[in-house]
Amino acid sequence: MAIERVAMEDAGGHPTRPIDFAGLVDVERGAVSREIFVSEEIYRQELEQIFARAWLFIGHESQIPRAGDFVASFMGEESVILSRDRGGRVHVFLNSCRHRGMKVCRYDDGNTVEFLCPYHGWSYATDGTLVGVPFAKDAYGEQLDKSRWGLIEVAQMESYKGTIWATWDRSAPPFLDYLGGYKLYLDLLLDAWDGREGGTEVIGGIHKWLIPCNWKFPAENFSGDRYHGVSHRSVDMVGIGPSGKGRRDMQERNEARWLDVTFPELGHSMIAFLRNHDSPLAPAYQDAPIVAEYFRRCEEERQRRRGEYWRLFGGPGTVFPNTSPLARQPRTLAVWHPRGPHQTECWRIYLVDADAPAEVKDFLRHYYIRYSGPSGLTEQDDMENWNYAHAASRGTIARQYPYNYEMGLGLGTDAFEDHGLKLPGLILDVTQANASENNQRGFYGRWRHFMGAASWSELKAR
Amino acid sequence: MAIERVAMEDAGGHPTRPIDFAGLVDVERGAVSREIFVSEEIYRQELEQIFARAWLFIGHESQIPRAGDFVASFMGEESVILSRDRGGRVHVFLNSCRHRGMKVCRYDDGNTVEFLCPYHGWSYATDGTLVGVPFAKDAYGEQLDKSRWGLIEVAQMESYKGTIWATWDRSAPPFLDYLGGYKLYLDLLLDAWDGREGGTEVIGGIHKWLIPCNWKFPAENFSGDRYHGVSHRSVDMVGIGPSGKGRRDMQERNEARWLDVTFPELGHSMIAFLRNHDSPLAPAYQDAPIVAEYFRRCEEERQRRRGEYWRLFGGPGTVFPNTSPLARQPRTLAVWHPRGPHQTECWRIYLVDADAPAEVKDFLRHYYIRYSGPSGLTEQDDMENWNYAHAASRGTIARQYPYNYEMGLGLGTDAFEDHGLKLPGLILDVTQANASENNQRGFYGRWRHFMGAASWSELKAR
Amino acid sequence: MAIERVAMEDAGGHPTRPIDFAGLVDVERGAVSREIFVSEEIYRQELEQIFARAWLFIGHESQIPRAGDFVASFMGEESVILSRDRGGRVHVFLNSCRHRGMKVCRYDDGNTVEFLCPYHGWSYATDGTLVGVPFAKDAYGEQLDKSRWGLIEVAQMESYKGTIWATWDRSAPPFLDYLGGYKLYLDLLLDAWDGREGGTEVIGGIHKWLIPCNWKFPAENFSGDRYHGVSHRSVDMVGIGPSGKGRRDMQERNEARWLDVTFPELGHSMIAFLRNHDSPLAPAYQDAPIVAEYFRRCEEERQRRRGEYWRLFGGPGTVFPNTSPLARQPRTLAVWHPRGPHQTECWRIYLVDADAPAEVKDFLRHYYIRYSGPSGLTEQDDMENWNYAHAASRGTIARQYPYNYEMGLGLGTDAFEDHGLKLPGLILDVTQANASENNQRGFYGRWRHFMGAASWSELKAR
Amino acid sequence: MSVVPPELARLLLKEEVEDFLYREAELLDERRFEEWLELFTEDVRYWMPMRRNVPADEPEREFTREGRDVNWFDEGKDTLTRRVKQIRTGVHWAEQPPSRICHMVSNVQILAMTPDGASPTEVTVKSRFLLYRNRMETETDLLVGKREDLLRRVDGGWKIAHRKIVLDQSVLLAKNLTFFF
Amino acid sequence: MSVVPPELARLLLKEEVEDFLYREAELLDERRFEEWLELFTEDVRYWMPMRRNVPADEPEREFTREGRDVNWFDEGKDTLTRRVKQIRTGVHWAEQPPSRICHMVSNVQILAMTPDGASPTEVTVKSRFLLYRNRMETETDLLVGKREDLLRRVDGGWKIAHRKIVLDQSVLLAKNLTFFF
Amino acid sequence: MSVVPPELARLLLKEEVEDFLYREAELLDERRFEEWLELFTEDVRYWMPMRRNVPADEPEREFTREGRDVNWFDEGKDTLTRRVKQIRTGVHWAEQPPSRICHMVSNVQILAMTPDGASPTEVTVKSRFLLYRNRMETETDLLVGKREDLLRRVDGGWKIAHRKIVLDQSVLLAKNLTFFF
């Protein structure tokens, strides 16, 4: 539905002097200005340069199994509808009537035959078509071309292993190109634990909550912050792991190489672990025999299915800009919806192997609840730190001092190999170093591309 | 009190690139950008271009019958005092002390001999004159010219059939010119039901409440939205009309022509009904004999007094920019005070024939309470729709898609005549069509004039 | 720690057309535009032009007697730490980690060996040095130069008679030059009542509260508003003074010359009283013998110590921009921290002679509580007036009308002498006039310098 | 049957009245509106005045008048019933999806009893309320004030014969009043 | 006269104390300040400390001290009386027009009785309060916290001999305190 | 010993339950968390569901399910205990400095007793809460809703065997839940 845009910056009203993003984000020297977190004007431009152009996570197929099912989601600040039409095709629409903009879908989820606008009664089919217009013939005659006034649909939408992604930009590359080599790592979240493709599902109940910080604090933290152990010291002392100790059973970390993986030209990153090729897997979940047995079997399966790749384990990561897979247990997917420069609405979805035994699902559900989200013992302290890191960066003086991203500056290889196993991405082995900021630099480098680029043709060029 | 203005846009600070209002408001094609509802910068300019220049409704003479009576009101965002001085003359003042700006009138209404500023004690007579200045001689000597420091009074003020209007712009045309041909329709609200001139009064208690939407949503809705029946379907089902059915007794609509009346060059509009010249009036208020009898007599009276014009009945309308008469029962006058781009303070005044019997006034009072305002069964749903129509229009993508105002595009006549009865305005008969958006286009067309015009000489030229 | 600044106005984003401050602040004619109180843009520039360059009050030595003691304070909007390092040296730091900006000191006061950042664990010694960096060697190797990443320290800090002041601008003059001739008046607050240098201490408990007005309302009011007696009429009627009558014992005012003292080239002002050279001091605090006796002795002492200067008594004043000494009883020091153009966080510190008897301290403490702050009978009404003076000045029309500062315009001498006693500053004797606005004009004149000046070299030139 | 001492009788009445108000709150928050309607007499007056800012010494002008002025509510059982019916239509958009509402009731006082003594047939009850509304994503309203109820003994139970609701606001800080106090 | 069993006596005392606090709230909200003053003994201490942000293991430093530090309130009956008088002057601008105030009292607990038993002459009572203030057009404050009162039996009724008010704020989120807790 | 008449017994039970909930609130606000834990049975279920915006006629889909879905809380005593331990570590940054918290409890209703009559061993209690949190300088949260508790008589006192917390929000309007309901 191409209607020429008449937006403010064309129509005046916003300052037009270009912002010097290279000056604000100097990843080459490991310096990032605080301005990009707290400036109203930069935030406004992020909505247009990033959230109106990038591929964004919308939801999961398992949320809308039947024709007519819908779920409300967000793209940036805007409400969108994830809908499965009567023919079974999936769509993503802006949740706003074309007549006077009323929000046409007012429920979090459900099943419907149409979206009826409560203001004047225009109704839209589940495929977005404008089907009902009161007094259409008498009041509009020939004037109204219904075909031009359906719900605003995204320019591109793709379903990947159950997850649904969309973009408002028709010139954006296909989703898999957008994902690039990161696919291998995202699969660590989306594939079944035993290595079969896909096979994960969402367990009901999405955590949704508001936090007082810029959306990039959680995005960069999840992209690969191995360094904030101090934040979670209290949990390590108390012990909430599956075996009642520490934060988690560390089997994937012991006797493994710690890899910080990032794709600077894409902006995606993940923390990964590569098991030694010759070390067996330590037992885990020892307190819960059924769970322990399940994972043991899964690992065996995976080894057979994946061959050498079984050695690769995931952790937290971020798909640029604001979707964060957490590829180990508790296995979740987080979305950081921007709500102004100073606030973020967090969404948290919980994934399990669809065909795991009930006991396993229940065990992991409890683990998730005590670990993650606003009631999670671990992440409560993240919210606190992001809150006051943001707040303390807003001032006139504070803004003059860039953040420090020098850890592991200049290190890493894009030709990583281990006993013949090649892994994609700019990879830095931090087994000795414990941590680096390669992933964060990858994130902000791409952020700089997006903010400066006039179009996707420029963005693809990188 | 002409003190040369030293405001921000002269002093720098605000962006000065002109906004392309013609691009944002294309009433000729029935398209209006969402930007004009949600942009901070456009809102700021509205306060200067519209609310500082247009005639605005202030209050009603019946609120201040005696010398010394005052009522607090608003012009745009600013508190003003409607005052009747000791000589009986009516004034409208900015409610702000000239010394340090303190709000000098802190009550909603009352009777006083002066407005005493509680900060340093300057006091102003009810005609705005600065009469009291502590230590005037000792502290100020010759320096302070009291005559230059009275309360800031509006540039023009007029009282029309009990209603009081004012403007800050001395170059604005007289109120009756501002009203133009719309006078005939406004009179449907202000004249007694039996056709006598004036004779309406305000019944005590002004509804005041805040709603989360731009002020233009209610203004355009009242200007003539016959189309939002779906909004009020629940009321039609429940029945709150005078005779316990539907929303109202429809006598003025049956056997009548439905007319959408607008004055594009003025911005005023109203929904009207023109009875067939040969059809008697259906009985109404059958459940309440006294009321039924009262209206029956009023109609007879009106026929005798008004001749052919008795056939004309009013409905909701809007006097540009933000005053909405509702000329049928429940008979009210609404003002939509802007409170930032995203909020509006609604004021609702209830009018009755001053000399109607107590039973009739009481009957109508109850009808009003159950129909109108935040506790009114009907209008509760309007607030909901305006709220979320506004909210869903704020986003980066949403702003790219204009609202649709194509209904009845290009139709209507400015030489309306029915059996020899000529009616002023651009009139569209929607008896068959049920509805049009002529009135809304008239409203936004005038809005575009105001936002673009440098002065009233330009505005008069239209 | 000089890191070249990459702030928004260099990087675009903010309008750059210069604001005509001379047009907004015309102290020569006694007119000040309301814009400077309500404009977002002017406020933003105040933070940079004034609060990032002027000397600001931080705290009092008596709050941090021991090594390791710290107190949280503010400079403008930003949290700072007042710290006494292990060596006993006093420092003022921005309360923000250099790594990701986290607030490192999260308590109002206390004693510590280091400031540990709860996000990633960087820790800073009490002298600001970055001493702890987890995995420093492994993760950062040579990259991180710890010496460059300590806490951000103010450019200059000075301790004067127990009070601690600081500025972010290294080109600012020394504090005593900044104070200039005002030193004599500030000493009236900081010296013991018997005339000994210093000897005042803070009594525990700082009043902190938020008020809805621009920070300049309290700053100008305290600079010397003798004119707002009407504000406090209720207290005069009720009587809360030391002897149960009026607001205070007036001994310092009767038989004295009332002097409005201001330093236009510095921006500092104070209300002062000069006793007649030949009149003895009236007795005070008659209801409390011990207190009466204490003050009587103090006065005798002062006469001996100060000679002719004993005749000089202080009142409220303001050290530009936002620190207000109140040099008589109740003896306090107020700071008006800006919180956006429309809000101010007030801090109130209470001072007593360190070696006064307990009965005297307790008596004055009660007097302070019933007089000052949000629970003080007197100042409650100031908050109300500042609140609504500000609110009523925000509108489009209101902004067109400047405030009036004509009282005593053009009067005063900078060569004041009384029976051989010379006093510094531009002094106006208002014993007859009761009040003037010399001090306010001095304040806003200096405000205009700061807002317009590109650097301290310009500011010193005035 | 045991004779109840007068002190105990008073406590029982107090507890009965508190419980009545708590059950009413429960019916409202649980959206059991039809049962809620049954708590009112047929001739009930349900009144919520508006409030003006007037000088402290002119309190008589503060409230709009029952039965004479425009009020927020000035209802009989008929319109209360219609309001409930409207919510049940399913197309009362302002309550689709339903609001999440919490009625907190406190400071329950019995101001008068007629006849005074052990078993009154009418009691005048004053209480304070905090009404919290949250709907959709983040929409939130907080309405605080007092209620004065006249309760009448009707076949063994209590019914509300008159309710005065005093909201501690002048400009209503809510977009609409689609709920009950 | 009937002998009141001890269990009943306890309930009666509890109800008496609750009713006392509710009546006090009513006197304040109805602006009957002179009657409110009569609820206090002549030697009453009315104390509202300020609160600091300190580490969890240094709670002793959290509150400013009665009778030693600067507090929000540290009053005797004399200044309480003057505060009431000030409101009555009619020129106490911060209360012209008057604020609309609602005191919600909850969680009433009797912490101690002396002498313990049926008819104590002093009781220590803890309660929680929500104080809602709305004035002028939209000005709104919400103040929440606890009160600990020492009630003393004085010729048949209760009077407040000591009140400690714990507001759950550090920076006061209100422009002034022209009302009572 | 005196025989307690049934009406009095009911009042005593009611008062006992109210006092129990008030003491619990006191323990939480005073940060006496270990004593608070003792108020729960070993097999307690502590459940706080999330809420969806659904049509009025699909209420069954509104709440996430205990024991099956992801909830805000779905705990046993073990994790409650770990939460308390975490606060006591002194390095639980989200509670350093501690939040200032006030639990206001109101509308206490006894919905069921088993066995019914004078001395039940289990009672189902519904109440409403307002939880006010203020921390650091100006950070403030207001959480309002209902609780439904199953209280069990354990050696003379009551313990909480099951708690359901219904927060009247969908999107949580707080950055975290480092406190208890």
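Order of writing sets the chain letters: A, B, C, D, E and F. Residues in each chain are counted from 1.
Here, a contact is a pair of C-beta atoms (placed from the backbone, for glycine too) under 8 Å apart; a residue touches a chain by one contact, two chains touch by 3 or more.
What you are looking at is a predicted structure, and each value in this text was computed from that prediction instead of being measured.
Visitor: Given the pairs C-F, A-F or A-D, which one repeats the contacts seen at B-D for over half of the pairs?
Guide: A-F
Visitor: Approximately how many whole Å separate the CA-defined centres of subunit B and subunit E?
Guide: Between these chains, centre-to-centre, one finds 47 Å.
Visitor: Can you give the whole-Å distance between the Cα centres of subunit C and subunit E?
Guide: That pair's centroid distance is 34 Å.
Visitor: If I count partner chains per residue in subunit D, which residues reach a count of at least 2?
Guide: 8, 11, 53-55, 90-91, 93, 96-97, 104, 106, 130, 136, 138, 142, 170-171, 173
Visitor: Enumerate the residues of subunit A that touch no fewer than two other chains.
Guide: 15, 106-107, 118, 210, 231, 381, 384-385, 388
Visitor: Under the stated touch criterion, can you name all the chain pairs that qualify?
Guide: Applying the touch criterion to every chain pair yields A-B, A-C, A-D, A-F, B-C, B-D, B-E, C-E, C-F, D-E, D-F, E-F.
Visitor: Subunit B touches which residues of subunit A in the complex?
Guide: It comes out as residues 1, 3, 5-8, 10-16, 47-48, 51-52, 75-79, 94-103, 106, 116-121, 134-135, 138-140, 143-144, 149, 152, 168.
Visitor: For the complex, which residues does subunit F have touching subunit E?
Guide: Listed in rising order, the residues of subunit F that touch subunit E are 2, 4, 8, 11-12, 15, 19, 22-23, 25-26, 29, 31, 87, 90, 95-98, 100-106, 130, 132-138, 140, 142.
Visitor: Under the definition above, what is the set of subunit C residues touching subunit F in their complex?
Guide: 106-107, 118, 210
Visitor: Enumerate the contact residues on subunit E facing subunit C in the complex.
Guide: By the definition above, subunit E touches subunit C via 48, 50, 52-55, 58, 61, 64-65, 67-75, 79, 82-83, 85-86, 89, 91-94, 136, 170-178.
Visitor: Show me the residue ranges of subunit E that touch subunit B in the complex, using the header's touch definition.
Guide: The contact residues of subunit E facing subunit B are 91, 93, 96-97, 136, 138.
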